[in-house]
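Listed below are the structures to be examined.
Two complexes come next, and they have one chain in common, subunit A, joined by subunit B in the first and subunit C in the second.
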Partner chain A sequence: MVRLKNRWLLFEFIFDDTPDKFHLSTSSSYSSLSQKFEALSTRDVYSVIKDSIQLNFGDYGVGCIAASISVKYFSPFTNIGVLRVSRDHYHIVWGAMTFISQIKTRSCLIRVLHLGGTIKQCQLSAINYDRDQILLLRRQAELRGDTKSVNVDELFEQSKNQIMAMEQ
Partner chain B sequence: MFYDLNLPYPVQPNLAHQQTEFHKRIDLLIKFGYQVVAYNHIITGKLDKANPIRKLETYNISPDSPSGQQKIEQLSRVTVVIEDASQNYGLSSTNSIISSYDIVAAQPTNEKIFQNICGTLEVDIISLEMGSRLPFYIKHGPVGLAIERGVYFEICYAPAIRDSASRRQLISNAQSLVRVTRGKNIIISSEAQKAMELRGPYDIVNLGTIMGMNQATAKDCVSTNCRAVVMHAKTRRNTHRAVVSFEPISSLKPNELWKVGSSEKNTRKTDSKGKSKAKRIRLDKDYEEEENEAEQSQDMEV
Partner chain C sequence: MEVERREENSTILSPKKLTKYTITTPEWHYLKIKLNFDPPTTPLPPVSSLSLRTLFTRALTESFGIVASGIHIDILDWNGEVHDSNYVGIIRVQKEDLTTLWSTLTLFSATLDILNDTSASSVGTNIEDGNDNSNLKEVNFQVLDNSPYLMGLINDSREWTKQLLII
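Here is the complex of A and B:
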């Protein structure tokens, strides 16, 4: 019996209206952002990708990936997510993601950060990405002379636990 | 190293909202990891005083910008839309307007002009408007000629992201171009009017595979081939018959002054021949080999 091989895509949403992500200093201000815009769920991300596949690759495209696609993780705070798809058809999903230009009337773009053969590597690079973002936020805060102390280690730990909680 | 050789320059760069949009696009390009960007002016009609050329401001990255200390190399580019084959557009390196730009591109509007550009005109890039139906077929003959001369064809991906109809056209046109050129001498650039129309370099490589290229050739379209275009432009502008270039003595570093025999340490008198330094330009091939080696380590697992 031949094993079904998968590809794991780590992707990031970039929104037009909030490049100010860089100007948030603590995790609490993230929640004010999510009040302003309805937080995206895993289901929203799944449906926008599937609609894009339907639009760009038609019934054939949807048929190819329907059995294997699943959005394993999406964080509305950092806007990154992990998606699984069968290895033979990952370029369809990736192409469809490239053509996405809005989600729930909010204009956005998707960038793939990592493409891997196992979930482990995706998790690791997601953790790395989160750490870079947190450090960047802290540096931004420092540059603006924000003296509010941010517990960086706690944020690291939090994001790491969330990402490692993903199951196969 | 990734290149985006077509970022439209704002029509009225003094207007505040156009300027912020422009800066937003450059910020995003830096975030995506591009290292070279070319600002594009599109000129329709004759190149003369009637088309005054706006100088490109250098974009300075402020120290507290989100992109941090990263640098991006900036080039200027002009795209001349050629509508009439009989008209002389003055596309030669002796034209001062043309030589004020780093890269020169031409956009043909019919088959006769397309053949003319492929065969004779001194340009670096042939830009086809792929978001709409092309008025002619891309044929093997002229394309082969252009490849032989080292001229590159451009595919702009932003129209495909903008709307569905041009997406269809672009994929169809791009596939026929890839078929005719066999994947050689193609560059992919953005032509993004808005920041949200840009995409990351690896997303574009994947887009290239949809257009019928394989992974390796698609990657060359945003890296190696663009570098070849920049080198082609440099040899066209600053060299004598693409072999020898001249630099003023003032551009030499103090520790290199011995080459012209004029350093304080060296007591030899400067002779008249030593006034300028001749430097041989290596063939593009050598550069590409180096580039390939350097990039192997940066490869993403694809």
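Here is the complex of A and C:
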């Protein structure tokens, strides 16, 4: 049986307001999404990546990856996402993501955090990345003298559950 | 006397040093291309090499995107600057870009506005229904020959057999 090999990309959206994202509002949410912008869905991410492929790699690029590309997970709170592509053409998707400069009128850039062969590796990488972000959040809260609003264990648990709940 | 002759002969037959160069991976690939007009009614318009370059960029951007439109193409020769020329040219690309360019040329067709000066700005005007379209001509490319060496484009052996068949 011929095996269809895939590559899983863990990526992060970086917006202009990203450094402020860890300033918590009074409602102790996981991390504050700037309330003035609407949350991005997997569909938004998928369409912006597909448009970038069409522009930069043409009909050929879209034809190569259309059957295999899928945005499996995207969290609008942390702006982390996981995407699956076929192994032979992952460089087209990665290149197109590098060229993306805006999504839904917000200027952004995409940073690829991990490229793996299985979803498991990406999940582990995402959990580690979130862990670092949560600890950074905790540190920032401590510096402000505001130690009670960030419950590290609870946030760890939340993020882990969300990530492991990703479909195959 | 015989001995002398032998000595003379020995100097004539002494071996010379040979130097041999082997090229295994040629860097460039040369294509001989022809621009066809459909329908081929006369008089055919002049197409400058700038228009040709615009056609290449447009073709590459359509099929392979912006990244491919940056492919380095050298137009070495182009016969299309006057009316009713033979529209045959020789272009050069990097070896790794050959398949991209060749497939693009084969796929591409566009309309050329011949009433106006066929400069870069008029390339690719779309045919609109209901308007007078007699000044718009469809163009496409035909790759006549290709070779990793320019010398390879001099002769096409198919031309020789054509002559034989006529007889």
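Quick note on the criterion: the second predicted complex is superposed on the first by the 152 of 168 C-alpha atoms of A that agree within 3 Å, B and C clash if a C-alpha of one lies under 4 Å from a C-alpha of the other, contacts with A are read in each partner's own complex, and residues count from 1 in each chain.
The working rule: contacts are C-beta pairs under 8 Å (C-beta built on N, C-alpha and C of every residue); 3 or more make two chains touch, one makes a residue touch a chain.
The shown structure was predicted, so the numbers you read here are calculated from the model rather than taken from an experiment.
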| item | value |
| --- | --- |
| Residues of subunit A touched, compared between subunit B and subunit C (which is higher) | B |
| Touched partner set for A:Trp94, first subunit B, second subunit C, both or neither | first |
| Partner chain in contact with A:Tyr60 - subunit B first, subunit C second, else both or neither | second |
| Partner chain in contact with A:Ser41 - subunit B first, subunit C second, else both or neither | neither |
| Residues of subunit A at both interfaces, subunit B in one complex, subunit C in the other | 55-56, 95 |
| Of subunit A, residues touching subunit C in the complex | 53-61, 95 |
| Contacting residues of subunit A [partner subunit B, same complex] | 14, 16, 19, 22, 55-56, 91, 94-95, 97-99, 101, 107-112, 114-117, 121, 136, 139-140, 143-144 |
| List of subunit B residues in touch with subunit A within their complex | 24, 27-28, 32, 63-64, 66, 68, 160-162, 164, 167, 194-200, 202-204, 206-207, 209-210, 300-302 |
| Complex contact set, residues of subunit C against subunit A | 60-68 |
